[in-house]
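Two complexes come next, and they have one chain in common, chain A, joined by chain B in the first and chain C in the second.
Coming up: the complex of A and B.
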């Protein structure tokens, strides 16, 4: 790579200038280099490469901070391993922070001090984004979302045609012409969002959720203008692009006067809109935001839907998406749903907030340059699934579905991978 | 007061001012604003962050590394004890009695833990690559401070060396990772807020 320009370095360091964030300041100064976080990270566990430990990822970001913003780092850089932000450091940052971290946050929970390692990685990614060093593959996904309104660049006509087709399928399946997939309707209770991989490759997952809404008698709509729940700029670290994407969904919800935005099964999208968007927008949201997992659990609790326990005969395990569980507190609901109708449900070990990342998070699935490494670390998840003996893996995240499907193929596990809505729709009792 | 006592007191002043500066800076910045609607409670999560979440039952860094975790705990307790000895020694309250000898024994144990941690850092390649000179210097200063605290209890005439080491340690505090004495508490606090706000902590049964 060419030498960094002064402007690039300056933009990278902007992240630390006039630091007003006590949380960032804290975590930049907290690591004691004990190295005890190594075994909590799938990258280290699968490779035993000590360059890929969480501590090294924290250190490369905080070493740059120390160099320019601490007295010791300015006067005695080698004493505290303070590094210049030059091309060597920047390239290493790209490899470690984009190429060797899914921002799963597992290490944070187990750090001996309590360093929010994922937050430091995000800060490092923001630096690289300011410097124009986001991997091209990830950036092209962000650009597609910014320019077309969805990360797969699906034209509106194609989307509308897919929805109409799914509506016909749904009507056929439930034998009821009232089973609609409403588009762009105002004043509904729910505005439902999608991961663009659904209309593009897996439209049946749209009709699965539509079937659940129909069975529950929900008043809902999709938007043809803004349905994309993903926000890959959250992964690239670009705050302006994250804001732009989040603002579109915010404005569409306002325009359609929906009471609740229901987030499709997408871990990072849920996190980006539920937890981060209010901070991008600098305001509290005037509407409710719920994940589809909470909504489905609510329907069961309130007796709005009923599930047939005889329907799914195979053993089922659950993969907890990191962003939904560790970063979103959705931990019990998916279990409540599955235990309601799955006879043979087996937990992975570890699970819940300790679950291992599938390896596809943090934008990894979008960054093909790291495919080999991504599939190498997937061995941890493959072993975890194998140990359960389950034939079906359910996960409330489309991104995880993609990675788990690849895991099943690469490691010859012969699994069925389903979203929660898909397995619930299968067992749904329609009166 | 002797010159070496004055030296250590002045150095301690530098250390306290530095720690206070870091602490006040964090307090003045305050808790970061979060516009997202909380789904959990922050206070119980902060309490959990400082208690249950630190236990070996919950933390891999502890239960996968029990010898290191135990050594680290003893080492930190030893540091607090050595600081207490500093004030007692300054006030002339140290005596060659059973309780102080017990304290000296504990400090020697903690010194041993410090040496063990130092050796581990030196011999484990992954840890060595992660380490900066500051990691070694911080360890050496704290470990020697503990040793000298143990010795000064048993041999009062070694007080000049003890005060000198205490002073050096205090003077070094602002430069390196010893500052985690302040940031550790801030990190646990922020972690508690983060996980409490999102209803991740305190953990609930699955």
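Coming up: the complex of A and C.
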């Protein structure tokens, strides 16, 4: 790593200068170093390396803040543990904030004084993003989304051909030529979104959700112009890019005059669009935004779909995606769905808001640089799943699906990993 | 730069075990990478999938859509996930010597 330029340092520090409110200031100054967060962090639990405790991650960001924005830090930096934003500090920030955090937020929940540790990590990531120091593999995913409209760079004609192919499969499966996967239709009740990995590599979840919409008699459409629910700029910490990506989906929803945006099973994408985008866009959303988990639960509750309790005979456990559960508060809906038709449903321990991250969150799955660490922390999830004895793991997040698939392979667990829509579609009773 | 050793051959790879230099790929590399993923023997279907992925990469610089793989090989979608348990990206594309695709894979 070459020495940092003055311009780079300046851009990094801008994150502190552009503060709109006192939230960041409060959280930067509140850590009492009690160390309780250590035991909540999968990186610490898997390595027992003190350097990886969440408090250390808060510390490095706040030490830079102290150096440039407090009098004591400017005059006697070493007395107040204030650090220069030089290449050593910046490289350590990259290693700790990008390479050793899935932004799962478990530490934030366990913090004895309520420090929003996840927010500090994101602030640190924003500094590094301003300085052009986002790990290359993560940044290339952001660039693909910004430049092509989806994070895998899928050309529109390829996307459309895949949707048409899935429509044929759907018609075959439900034995009804009326079954459709509508594209670019205006004035529908629902605009459904996708994670680009679905059309590119895993389209069964598209036909599964289409089958559920069909059974429920939903009025819905996909958009060929903007279907990508992911927002990797949320991981890189770059607000301008987060805004740009969120704005596209916002504008497409308005253009298609959809009443509700239904978010694909994607933890961070749901968080970025439903809970963060109003902040990026600085406005209240004029349409409704729901996760597909809530929508499917609603169909069951209203009797719009019926599920066959004899269909899934194997034992099933549920993995809670951090962004959906801990950050978004979508906790009971997925359980309501599974308990409706799964005879042998076993919870992990801990579960719900206290669940352990799969290890693939926060952009980890995209960052090859930290693969070794990612698979080490995965041991915690592997043990948790093993203890349930379940043969199927369901999770409403495509990112978690990929990490869990690798966990199953690496730890030789022989599991089936499914999205919620996939397991529901299997048990769906079509009249 | 990370390396992996399979049956005495050493390969330079990225952190995820994808070949660092896709141009050194050949069928022997494919066979060894498959072995590493617990695929003891590449059958005709494995080869058909890998060759289409490789051709697309040589022509367009990226992995093909799963639709193209299915339609050109005639292999059913669900069977592809059985042939490559890690999926088309981390499984088949890695065996075909491609760089790791971007996104949630």
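The criterion applied here is as follows: the second predicted complex is superposed on the first by the 430 of 431 C-alpha atoms of A that agree within 3 Å, B and C clash if a C-alpha of one lies under 4 Å from a C-alpha of the other, contacts with A are read in each partner's own complex, and residues count from 1 in each chain.
Heads up, the rule we're going with is that a residue touches a chain if its C-beta (ideal position, glycine included) is under 8 Å from a C-beta of that chain, and two chains touch if they have at least 3 such contacts.
Quick caveat, the model's predicted, so the values are computed rather than measured.
Enquirer: Once chain A of both complexes is superposed, is A:54 in touch with chain B (first), chain C (second), both, or neither?
Expert: Neither partner.
Enquirer: If you stack the two complexes on chain A, which partner ends up touching A:396: first (chain B), second (chain C), both, or neither?
Expert: So A:396 meets neither chain B nor chain C here.
Enquirer: Between chain B and chain C, whom does A:111 touch in the aligned arrangement: first, second, both, or neither?
Expert: first
Enquirer: State whether A:372 touches chain B only (first), chain C only (second), both chains, or neither.
Expert: second
Enquirer: Now for A:144: first (chain B), second (chain C), both, or neither, which partner does it touch?
Expert: second
Enquirer: Looking only at chain A, is it chain B or chain C that touches more of its residues?
Expert: Larger number of chain A residues touched: B.
Enquirer: Report for A:362: first if it touches chain B alone, second if chain C alone, otherwise both or neither.
Expert: Once the two structures are laid over each other on A, A:362 reaches no partner at all.
Enquirer: What is the contact status of A:409 with respect to chain B (first) and chain C (second): first, second, both, or neither?
Expert: So A:409 only meets chain C here.
Enquirer: Which positions of chain A sit in both the chain B and the chain C interface?
Expert: Chain A residues touching both partners: none found.
Enquirer: Which part of chain A faces chain C closely enough to touch in the complex?
Expert: 137, 140-141, 144, 151-154, 158, 161-162, 165, 169, 195-197, 199-204, 230, 266, 365-372, 398-399, 402, 405-406, 409
Enquirer: Which part of chain B faces chain A closely enough to touch in the complex?
Expert: Within the complex, chain B touches chain A at residues 22, 25-26, 29-37, 39-40, 49, 53, 59-62, 64-65, 68-69, 72, 124-127, 129-135, 137, 174-177, 179-180, 183-184, 186-188, 190-191, 194-195, 198-200, 203-204, 206.
Enquirer: Using the touch definition from the top, list the residues of chain A that touch chain B in their complex.
Expert: Within the complex, chain A contacts chain B at residues 20-23, 25-27, 29-40, 50-51, 53, 55-56, 59, 71-72, 76, 78-81, 108-116, 274-279, 281-285, 289, 325-329, 331-332, 335, 347, 351-353.
Enquirer: Contact residues on chain C for chain A in the complex?
Expert: Residue positions touching the partner: 14-18, 37-38, 62-63, 65-67, 71, 77-78, 85-90, 100-105.
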